[in-house]
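Each of the next two complexes has chain A plus one more chain, namely chain B in the first and chain C in the second.
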Partner chain A sequence: MARRLSLQLTGRPLPVPSRARFLPYLLLLPSLVLAAGVIFWPVGDLLEIATNDVNRFGQLRGFNDFANFKALVADPNFTAALIRTVVWTVAVVGGTILISVPVALILNEDFYGRDVARVIVMLPWAVSLTMTAIVWRWALNGESGMLNSALRGLGLIDTNIQWLATADLAFPVQIGIGILVTIPFTTTIFLGGLSSIPPDLYEASALEGAGPWQQFRHITLPLLKPFLNIAMVLNTIYVFNSFPIIWVMTQGGPANSTDILVTHLYKLGFRIGKLGEASAVSVVTLAILLVFTIVYVRLAMREEAR
Partner chain B sequence: MTKTALFKLGLAAGLSLVAVAAAQAGTVRVTVAEYSAKTGPYFEEAAKSFEAANPGTDIEIEVVPWDVLLQKLTTDIAGGSNADLSIIGTRWLLDFVSQEVAEPLDAYITDEFKGRFIDTFLSPSVMDGKTYGLPIAASARAMYYNKALFEQAGIAEPPKTWDELKTSAEKISGLGGEVYGFGLQGKEIETDVYFYYGMWSYGAEILGADGTSGLDDPGAIEAAKLYKGLIDAKATQPGVTSYSREDVQNLFKQGKVGMMITAPFLSNQIKEEAPDLKYGVTAIPAGPSGDRGTYGVTDSIIMFKNSQVKDEAWKFMDYLFTTEMRSKFTEGEGFLPVNKEVAASDYFVNNADLKEFTALLPDARFAPVISGWEEIAQITSDALQKIYLGEGDLEATLKDAAAKADAILKQ
Partner chain C sequence: MSRKWKRTLVAWVLLAPLMVLILFPFAVMTITALKPQAEVLNPTWWPSELRFRNLVEMWDATNFGQALLNSLYASGLATVGAILMSIPAAYAMSRFRFAGRGLVRQFLLVSQMLSPIVLVVGLFRLMASLGLVESVSAVGLVYMAFNIAFTVWMLQSYFDTVPKDLEEAAWMEGAGRFETLRRVFLPLVTPAIAVTAIFTFINAWNEFVIALTLLRRQESYTLPIQVFSLVAGRYTVEWHHVMGATLVATLPVAILFAWLQRYLVRGLALGAVK
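Showing the complex of A and B:
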């Protein structure tokens, strides 16, 4: 906008006749209306439920002075779940990016069997998240799980480990599985980014005597920056809201010690029947993600502009 | 909301459109819970034979897995796209009645119809003198024990009291080789119920005579100490908080636990999945004063108030509760008979396992009919998980849970 305004002020003619200026907006209108219907209508509904007294079946019984939000703040389980969600998101997104960058670098090299390796890395993506979680739940079963019998077969442990019995063990395991299933998507983004870096940059730097680390540090990483940002934002949104892994494996238990906001929300809404409070949790997650995305994108754009 | 939930919501919305279109021509939509792989085919067959006998009426069956049934009903009712009949957990009925979602059936029920039922099972669906549901499924709990493990451990008789159970369980765990005495559930749905068995034996009730939570009664504290003692003595499987009821049942089928308390349907599963397992069924152990209790559960089929085809819907309900249809369903699913005639049939009279369950019925407690029951169950399960994990003081945890439950009861 600002640039176009300055163009007008300097008196240079606009590239298109003024009547046609509205045409793009007009053409966009149908999809805008559709998008608004799909996005804003449910959000409006959500806000309505969150600020109303709601019965078990979603029937509204009047505005209740934000009692739903007050109940959340007073609930120690909500605060605990909020903090745990932040830990979960930071650990899964951070871990994924730390692992995906080297994986993408390796898969970007030309080596024998690369196509097979790429397929193997991408495969977890093709399996539904719920299915993955169910298989892991079986594998982690204390008495008849594959993981314990494999570890015992290798002679690494003598007695079975009860993976999902305590949060101390269950939550890190869940984070690990979260990382595992997020890697394919993230690696794909990075592979796309790597292929956009012109190879002559590496040739030139090699001629100047740059080693692999210096090449990574000064060429790969800066040019991968926009892709890192994308991966960060998209993964944060997905992982923050990710339900199946935790729900299938522990349902947020034992004693709510692995609950994140979505599992807490599900219990509130569909187990206990407090749809108002559940919607309030939903509004809170929406607000957090919105603020995060806006702030992050702003920061990232400012950096790029510099 | 998750993607799958959104998808389901969309699917429900789509289906409801179809349903609205179809509802014109005397179509009765029935939502049924999937108890086993046999449930869907049973109801489809019932629909087919009913349609043949009643031309002009179409029966549409929607089979829904148990875990998502309440969620589906909630979204359906909120969107006004619910079926005409639905199976629900009887413990949810109060909400359905107080929100005026369920239709009283008294206008349809004749004395002959009422006479078909065993009273114990019909009574939970009666509220304020009106019958709102019919018991489509009924079950109680008893203790299964592994005869082979008992023999190896040199125990002649299954335990009759909790003290005897502790001794037997320790002996079986002492056999080594990763077999454990008592299978204790510590995760997911009915974690609280598994504790009530002990609590009832020690004379505590879910709701005391004064209408407050019984979780802080001396009997409940005794029972919690007993269970925690079993865990500490390694008489249970390790890591109880990672075992749901199904997980403990699997351990039993694999011959890895000596005893567990669960519903009649485990007999059917053992028959199919572990036919060589030598097991017996016996009463739930009694407490020091001879008290004991089993958990009685019924699921009800209800009619929705907003149904446009109530007469046709009732006809189908009536058909489902004929002796022939009932015995087919009850035998297939491994439930307890709710019809007197079915109970008197050869299959049930000669079934040694089921006899143990029916013998316990005089001691059966049903989930109390109070609003907020699900929340109290959740609070109880959370408290128990803390106790099983050894977090915090046992009595303080129970007192805290009782206080929370009382706050809900007062609402």
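Showing the complex of A and C:
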């Protein structure tokens, strides 16, 4: 009331609209220019290299009728890496969600030491993937790794296990570590979702005789669904792109048997010097990511519309 | 009361396997870093003595100081730049309704989806054409660009929670937009800016691919690359030094993160609810 009064007294209009028309664009300009320059310029460049004949020094020598893409399709290493990427992504994202839902449910309960438990669960998020992978590489060392000595000490194994020597063992181990480092972010999203569920829903259903399992199925799960969707899509994008775990632990080896698309791409570009094919892998990866992103934007917009 | 104790017991028992897996690498890192060298390759768990001198030797043996400076510089540059650019951008997104606002939001979202590894060939060519390979500043600049979406998103979600009435009241009093911004708005959002800055710093601190690709000489290595170079393609690895380096590089950031983690959660949640 007093405010409106003072407005009438001074008679000044709010200094917002007319002359400020260009202001928001001006304010946004520096950040958009930087992001576009560093992020979108390379995208254009990649499209150009991928469709050109290119030597190992990066000189373009003309459009080559998609020969780079044809070379990819003909390369068994690429197809193997593509399939492995699907396995990697589905296993890590699926495993993470299966573990994170119960973990979030537990951390949402009121118990002694909950703050400590939350901090511990969040810890892997704070450590760089590079460092995590280096520590695991040492812990999984076949001769003197501390995992082997721990398992021997507990009497679980007699002879050392060569964890990273074959893909049969190395790849599942890498998936496990992938899950471990993805849990914090996912649990965080679910905790946010759980805290948005009004507690009286549970009280009301308890009065009507619903048990914990029924409450979970008919209240928690449906209300958590948008958060499950977001976690699934965002994690798919992150995991699909995840480079350090595999690169640091095995560099895609032994004999390319743990390569996923991004490690294959890095080898093509910076080990073998096939820039054209590396860019073609980038373009394929970008196309797949674009699909995921569109799904995410759709989901986010639907949430916003509510 | 006893109900809560029972809940506590069940919760910790259920969480125990995960906790062991999470804490295991930290234990490996700490124990190896403090073992006498002769015992490192021995498959025993506990060292005969805790050798803190290892960490001092590690500092010189692993070129830790130089890499630390490079990491501080690249992350600091990225943080200051990204924050200075996103404050006005987030303010515009939070306080103005203008044509193309939705487009900017989508642009930011999409730019967040594109991770450095996918663009690495293009990024390398961009930097090579500018003569910026080996430049730690260029690495900082790339980090800056890749963090802009995150900082604008975080800051905007916090700016939106500051009621407009306060600024309007200041305008009534005759203060101009800039004056209002400086005297009323910015003091209110300083904590949010600080938190966002710290997370940007941690993001940059932990980055791997860009540094691996753009920095080829040891003098310009950042910490993750320096530590990785001690492990990759070597026949003999001084694991107690490597673990010492990861420990010293990781611990301060992990503590900072654990302490601030709930603000990140809140900021992301605010952004997600929007």
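The rule is short, and it goes like this: the second predicted complex is superposed on the first by the 251 of 306 C-alpha atoms of A that agree within 3 Å, B and C clash if a C-alpha of one lies under 4 Å from a C-alpha of the other, contacts with A are read in each partner's own complex, and residues count from 1 in each chain.
One rule holds for everything that comes next: a residue touches a chain if its C-beta (ideal position, glycine included) is under 8 Å from a C-beta of that chain, and two chains touch if they have at least 3 such contacts.
Not measured: the values here are computed from a predicted model.
Asker: Please indicate which partner A:P244 is in contact with in the superposed arrangement: first for chain B, second for chain C, both, or neither.
Answerer: both
Asker: Per the contact definition in the header, classify A:D200: touching chain B only (first), chain C only (second), both, or neither.
Answerer: neither
Asker: Figure out whether A:K267 sits in contact with chain B (first) or chain C (second), or with both, or with neither.
Answerer: A:K267 sits against chain B, while chain C stays out of touch.
Asker: With the two structures laid over each other on chain A, which partner does A:T166 touch: chain B (first), chain C (second), both, or neither?
Answerer: Once the two structures are laid over each other on A, A:T166 reaches chain B alone.
Asker: Once the structures are superposed on A, label A:A255 by its partner contacts, choosing first (chain B), second (chain C), both or neither.
Answerer: The answer is first: A:A255 touches chain B but not chain C.
Asker: For A:T130 in the superposed arrangement: first (chain B), second (chain C), both or neither?
Answerer: both
Asker: Once the structures are superposed on A, label A:E143 by its partner contacts, choosing first (chain B), second (chain C), both or neither.
Answerer: Touch partners of A:E143: chain B and chain C.
Asker: When both complexes are superposed, which of chain B and chain C contacts more residues belonging to chain A?
Answerer: C
Asker: Scan A:G58 for contacts with chain B and chain C and give back first, second, both or neither.
Answerer: Both partners, chain B and chain C.
Asker: Which partner chains sit in contact with A:I120 here, chain B, chain C, both or neither? Use first/second/both/neither.
Answerer: It touches chain C, and chain B stays clear.
Asker: After overlaying the two complexes on chain A, where does the chain B footprint on chain A coincide with the chain C footprint?
Answerer: Correct list for chain A: 58, 130, 141, 143-144, 160, 241, 243-244, 251, 262, 270, 275, 282.
Asker: Using the touch rule from the top, collect the residues of chain A that touch chain B in their complex.
Answerer: Against chain B, the touching part of chain A is residues 55-59, 130, 141-144, 160, 162-166, 170, 241-244, 250-251, 253-256, 262, 267, 270-273, 275, 282.
Asker: For chain C, which residues count as touching chain A in their complex?
Answerer: That would be residues 4-5, 7-8, 11-12, 14-15, 18-19, 21-29, 31-32, 40-45, 81, 85-86, 88-89, 91-93, 96, 98, 100-101, 104, 106-111, 113-115, 117-126, 128, 141-142, 144-146, 148-149, 152, 168-169, 171-172, 174, 176-177, 202, 205-209, 213, 224, 227-228, 231-232, 239, 242-243, 246, 249-250, 253-254, 256-258, 261, 264-265, 268-269, 272, 274 of chain C.
Asker: Would you mind writing out the residues of chain B in touch with chain A in their complex?
Answerer: So the residues of chain B touching chain A come out as 1-2, 4-5, 70-71, 74-75, 77-79, 95, 99, 101, 178, 186-188, 237-243, 247, 250-251, 254, 256, 372, 374-375, 378, 381-383, 385-386, 388-389, 391.
Asker: In their complex, what parts of chain A are in touch with chain C?
Answerer: Of all residues in chain A, those touching chain C are 3, 6-7, 10, 12, 14-15, 20-21, 23-25, 27-28, 30-32, 34-35, 37-46, 49, 58, 99, 102-103, 106, 109-114, 117-132, 134-139, 141, 143-150, 152-153, 160, 180, 183, 188-189, 191-192, 230, 237-238, 241, 243-244, 247-248, 251, 262, 265-266, 269-270, 275, 278-279, 282, 285-286, 289, 292-293, 296-297, 300, 303-304.
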